[in-house]
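Pasting the structures in now, so scroll down.
In the two assemblies presented below, chain A is common to both, partnered first by chain B and then by chain C.
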Partner chain A sequence: MPGRLPRVLRGKLLPPAMAIVFSALLCTVALLISAGSPGTALAAMVSQVGKGTTAVDILNSATIYYLIGVAVAIGFKMNLFNIGVEGQYRIGAVTGAIVGGATNLPPVLEPLLVILSAVAAGALYAALPAILKVTRGVSEVITTIMLNAVSIGILALLINEKTFGVLVNNNIATKPIPQSGWIPGVSFGSHGTLFGFVVVAIAVGIAYWVMLNRSRFGFELRASGESPTAAMAGGVNAKRMIVVAMLLSGATAGLTALPELLGRDHVYTQLSPQGYGFTGIAVALLGRNNPGGIAFGALLWAFLDQSAVSLDNVGVPKEIVTIMQGAIVLSVVVSYEVIRRFELAAEQRRVGAQLGTATVAAAGGAS
Partner chain B sequence: MSLLTNSTIAPSGSSATTRHRRLPSWGRGLLWTLLAVALLTATADLTGLAAITASPTVRAGVQLAIPILLAGLGGLWAERAGVVNIGLEGMMILGTWGAAFAGIHWGPWAAIVGGAVFGALGGLIHAIATVSFGVNHIVSGVALNLLGAGIAKYLSSLVFAPITHNPKQSPPVEQLDTYSAQPLAAWLKGLEEDHPRYVLSDVAGILRGLVSGVSPLTMITVALLVLSYFVLWHTRFGLRLRSCGENPVAAESLGIDVYRQKYLAVVISGGFAGLGGAALVLAPGLNIYLEGQTNGRGYIGLAAMIFGNWRPGGLLGGAALFGYADGLATLTNGTTVLGLFYGVTLLCVAIALVQLYHRRWTAAGVAVASSAVLYLVYLSIDALPSELTSYLPHIVTIVVLAASAQRLRMPAADGLIYRRGQAG
Partner chain C sequence: MDDTSAPPAVVLTGITKRFPGVVANHDIRLTVLAGEVHALCGENGAGKSTLMKILYGMQQPDEGTIEVDGKPVRFRSPSDAIRAGIGMVHQHFMLADNLTVLENVVLGAEALHGIGGRARARIAELAGRTGLSVDPDVLVERLGVADRQRVEILKVLYRGARTVILDEPTAVLVPQEVDELFATLRSMRDQGFTFLFISHKLDEVRAIADRVTVIRRGTTVGTTDPTTVTSRQLAEMMVGSELPSPQVKHTDVTTRTVLAVTGLRLCAAGDSSRPLLDDIDLAVHAGEIMGIAGVEGNGQTELVETIMGIRRADSGTVRLTGSGGATRDLTGLGTLRRREAGIGYVPEDRHRHGLLLTQSLWFNRILGFQTRKPVARGRWLDVPGARDDTSRIVAQFDVRTPGIDVPAAALSGGNQQKFIVGRELSGDPALLIASHPTRGVDVGAQAMIWEQIKQARADGLAVLLVSADLDELIGLSDTIKVMLRGRLVADADPATVTTEELGCAMTGTGAGGGGS
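== the complex of A and B ==
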């Protein structure tokens, strides 16, 4: 098999390369419209990484994006579109913050309690769409989107002086988590502090890899995604898979806001960062649902987010970054599809040649 | 071989509709409308909450239903051609920017065109990704939502920020005049307000909300709904388009250019979503582009279409339901919204009676149980928490879909990836 290695490499390397070229083209067009120079813009963004706390900020953001990216990927692996990670992570965060504020356990136990309650709340909030999908056949896409909106109302209801809110610096927030519940970070002096939660994110990545590649559940998950009929014929209970995958996805989403909650803010407010859910979807798409790929996607996304500030210095609106992100996601999904078709056609031709039949006949008859 | 098996699946639906001596679709629509009016009237009179049928509530409901209806029409066009369009939200966002941009420069009518054009551009991107490149429809839609939000944000900071000094909003767009059907509206006003009478003034209030203060955009939307129905179900073009959503392989074998049909459908779909965005920008009392003003209405439009069973009439019902829920939540307080629980209790009792008549015991049991639960909720609290009332349309969406999803039938090849010549 002399041709094998290059072909595998081509399948792995060509799509990202194509995506980069394509999205660079789109961004160039957007930059030229605003009379900016693509070269200076890119240079400004790259040099921003070395300045101030940007490098650490990128890693911190990437930690958050990675957690939520994995949460989305668990569903995507079996073609389950959990668009609701946004609501699940916020419900998880507020539950964790409330539980943390109400208890005062010794160190290690306290953060563990916060983490567990956030995970449980995230899973619980994902349970409704899962149940509706398996019992009533309602598309999870619509229910989760609606629950995202409802979660904002639930937050407003929970963080309220009549319920669990207290006034902290003119801002209604949950009761602060006692110091025993904080997860200390790694300080880099003037370059910022890295979240200690980065360890948890790495652990989640490893667990996700092991689950996918080394467990029966992971095998069934991938099988359900690639061919539901084959999986069912192989004895996989489709309904059970949907519920378990959805709960796992929601549980992982529950971790998302904890780096900030346990490592920096210690309270949760209605103004706490939101919108990670859609970042998570994008990052999972960029990473092709692979543990390593998601890490790359999270870092890229964090880089674009954090070094966008530098664009204002070279006279380009920093909002162009959101176009870049959208363009990159679209380019990545399109390039992978194009390469997949190309590989499929090449495979058919190769098989046709090996069987000794004419190439044309093989390509026509195989489907 | 495969052609034979496929063609046996293709004709469906027609046999199902003629099974019983069922009402024609306009008759069913009329029946549902009467039922809705009767339910609202009964609720308003029995709970003493006049706001439920007051004309301002209904008028606000109509205005809020328009963007949802337009987004739903967008979804209808795309999904009838077999392309799931979760990107409606992104196209709608593009539409809001396009409408504001055109509106500032050339007036409100240009805003309508601008919104449609920008939405259609979004539709074109979705078509390229899903039809030509065969990307998963939901993946492409999600990516498009990101891209649409990004483009609108970027263009807004580029174009509007120098004028308003706020990258999140545009300068005001000139307003469209509204019209009332006189002397009908004045007569209804007399009925509703002068000597409030049981039932009569409620019905007058609902009707007055429908015929007074009507924006031209509302009339255009209703015309587009009728036009969509006519084109999709009564023209050759519509039949071809729907055949691509039901069985593209069979359509191809009959010489239809499936790619062309799908492209057209998705671009038109984007145009409708963009019009929905324009309707938000031109909404009375706002008249500006505001970042995040779509607030998930594209998704609600999609849900309205699913609720309407991928049919224009049902879509109208869904949009009216969500618009009304939105109007009630915006204009009134938690007490009035809670009054709706009473109305839904009545509805559940009615459903239970119908199910008992048909001897469907489980369904009747579920209906009785839910009416009991709802009535208990109605009795035990004074008002729905104000934090939750603004999410009434979203909650209604979930409940309605959970109640109706299994009776719905989507186009057979909806969301499936089709490649030219895949039948072999």
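== the complex of A and C ==
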């Protein structure tokens, strides 16, 4: 009989491993159909990591994906589907950019102010669906999806010459954040510059772990996700949990665009990168809402995104990466469920065998 | 059809079904004659639903045989059962609201008569023959509950069922609709259809059934003719009448009131005319076990959940005197505050309300105690403290488990329940509320749990015990109150009352005693 630790690890590592193998098979099929060679494509992608700024770019992307992945995972932990992280992070970013452009505090204080205002804006934007859900029972999936669309309009309203926009290089953007607000990166010379914000992402990961595993709030979050009825009987206030989890999720989402804003762009425009929210959902699924798993998912996703350029060189359409990403998410969801059921049944058999119990009893009292 | 010469529609012989650590069904014997309405009676958790799942092919028995129309069969899935002419109408309807009646009936059985004119003709013919008339083109979402039930029955008939299992069909109906349903069932029975009617409402069983089989603690107790037995006798068969282990009667009930409930009233959501609980007054003293007797569904669940703060009372007060002697008004507090004030709660459904099934035992130890020592310190969990205290419960309450890291779901029902009782007796409670504490557990665990409840009383706790098992109630309680239609209608002294008298008061028949 295997020991305790290996069994735990098997339960945690087997699903993603199975998923990757399965999605590799799917991609191989897709590559063979599109007349490419799977071996060449993979070799090109792996060797791309060593070229130019790719390695640093992967870490930079992963930082962003990690923050948004954690934001999604906080909701997922209690079966709250915050699809609205997309809108929340963009509202957070534009608020941070506007506040940063309008103030000029000394270093440390200025970026702190930007971070706090982005976090507050993200949380506030997530408060709307939370309030609708607890007072009116409106599904958060619907409201957050609609608020994503609304956020595009809010962005257009805020980044406008009549409001907070200024014309920079033929492009309307927010007023630049003064240099005291920048977060310097770590330069690797010709290999690029790592966002200084990676430290914040790591801190968020640690805080998320501590919150989940050591705090009363994390306990109530996990209990609500596992069984709302048992949580209620155990005294967990479901409505309060929904509001707090949603606010935390939105607050974390508010951090997402800050690595770029404070470390590279210093302004926010309507053309600033978007779509991170949907990546975040995939990364959270891939990482099973686990702090370490999300980091792995974010790195894998960033690797696939950043190495895709190399595929054109070997004559493989780089869209194959999108197929890979889709296949991975699909297989993770399926394999996790399959293994969870298998493990539970195995555990029951094991406990039964270990105790030698018995299938006797029970019906005895009847006669 | 001539009933007497036809082979029985269904014969179950020696059916046994085991789940890890628990026997859900044990040596079930059931014979359903062709062309009869056969009722299957038993309390919740007695094993009715497992048995029906076996008969409908959703689960396979570990032992025993099934015969349909005289031929032995093995069902691997519900489609096998349907092919053999057995259909099931679930308690919770399985209809698509946004499809029409016709579409719902045909859905999944398109191969039989297509989806067009032939299907329509077949449905019209069935409806004409059975009196189950519903407009085939109306959307199901526009139908009332009774009509939906007709559609469900039509669905199984359309698939060729001659034997129909009805799972608690009257639970959702108002009395006139029940009468209509029964009229339909009688006329269909006369045309040769066979019904297996699952219920714990004894009056209805006596009104419709030709024969009734009682199931208790996973096994069939006997089959009888409902016209010759009284509801009371049936109730006795359902809950058992032999007394549990000899009792040492305690007389150390104190005069110190721990739980005082006054004027409690609870209405169904959005309907203030139909109270689920009305005018409930009760006082449980330190060192006292107060039993609440009643046929299931008469407000016991609501009473417990209202005292726990899971449901909000419309009026009335709940006061608790903690072990420190201070009295607190709990009326406006939430569940967590009430637990902190000193209430331990053993819920009636341990899977839905008592445990986080995939989480470890020590994680489950925290549930309900997340603000208290030794499992929490302020806003933070005390994991070593929770683990240590879980080990204490496992040892002290004889929870059979290989360790405290196994998921709760891996334990047998009896061991899960022992763990819950141990947890709820932690943290120095003043009051223990136990709902059906030994339902669905093996006899060993049952004795252990009884012992612990008696020990809690000896330690000066007040205990509110809700149970459908009259022997348990009489054996453990110091006072018994009877609940009927949301009210406390009678008091009984467990030292002198008989199960027969209790059954009488529970069903509201005869002179069961004065109001409280």
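Just so we're on the same page, the second predicted complex is superposed on the first by the 343 of 367 C-alpha atoms of A that agree within 3 Å, B and C clash if a C-alpha of one lies under 4 Å from a C-alpha of the other, contacts with A are read in each partner's own complex, and residues count from 1 in each chain.
Criterion: a residue touches a chain if its C-beta (ideal position, glycine included) is under 8 Å from a C-beta of that chain, and two chains touch if they have at least 3 such contacts.
No experiment lies behind these values; they were computed from the predicted model shown.
Chemist: Where does A:Gln325 make contact in the superposed view: on chain B (first), on chain C (second), on both, or on neither?
Modeler: Only chain B; A:Gln325 stays clear of chain C.
Chemist: Could you say whether A:Pro106 touches chain B, chain C, both of them, or neither, answering first, second, both or neither?
Modeler: The answer is neither, since A:Pro106 touches no partner chain.
Chemist: Could you look at A:Ile83 and tell me whether it touches chain B, chain C, both or neither (first, second, both, neither)?
Modeler: first
Chemist: Using the superposition on chain A described above, determine whether A:Val334 touches chain B (first), chain C (second), both, or neither.
Modeler: Once the two structures are laid over each other on A, A:Val334 reaches chain B alone.
Chemist: Where does A:Ser139 make contact in the superposed view: on chain B (first), on chain C (second), on both, or on neither?
Modeler: Only chain B; A:Ser139 stays clear of chain C.
Chemist: Between chain B (first) and chain C (second), which does A:Leu285 come into contact with in this model arrangement: first, second, both, or neither?
Modeler: first
Chemist: For A:Phe217, decide between first (touching chain B), second (touching chain C), both and neither.
Modeler: So A:Phe217 only meets chain C here.
Chemist: Quick check on my understanding: which residues of chain A belong to both its chain B contact set and its chain C contact set?
Modeler: Comparing the two interfaces on chain A, one with chain B and one with chain C, the shared residues are 364-367.
Chemist: Mind listing the chain C positions that touch chain A in their complex?
Modeler: Its residues touching chain A are 18, 20-27, 216-219, 221, 240, 308, 310, 334-339, 345, 347, 352-359, 363, 366-368, 370-371, 376, 379-381, 383, 400-403, 405-407, 409-412, 414, 441-444, 446.
Chemist: Flag every residue of chain A that touches chain B in the complex, lowest number first.
Modeler: Chain A residues touching chain B: 30, 33-34, 81, 83, 128, 132, 136-139, 141-143, 145-150, 152-154, 156-157, 160, 278, 281-282, 285, 317, 319-327, 329-330, 333-334, 337-338, 341, 364-367.
Chemist: Within their complex, state which residues of chain B touch chain A.
Modeler: 86, 125, 129, 133-136, 138-140, 142-151, 153-154, 156-158, 161, 167, 295-296, 299-300, 302-303, 306, 385, 387-388, 390-391, 394-395, 397-398, 401-402, 405-406, 422-424
Chemist: Where on chain A does chain C make contact in their complex?
Modeler: Touching chain C from chain A are residues 4, 213-220, 222-223, 226-227, 229-237, 340, 344, 347-352, 354-355, 357-367.
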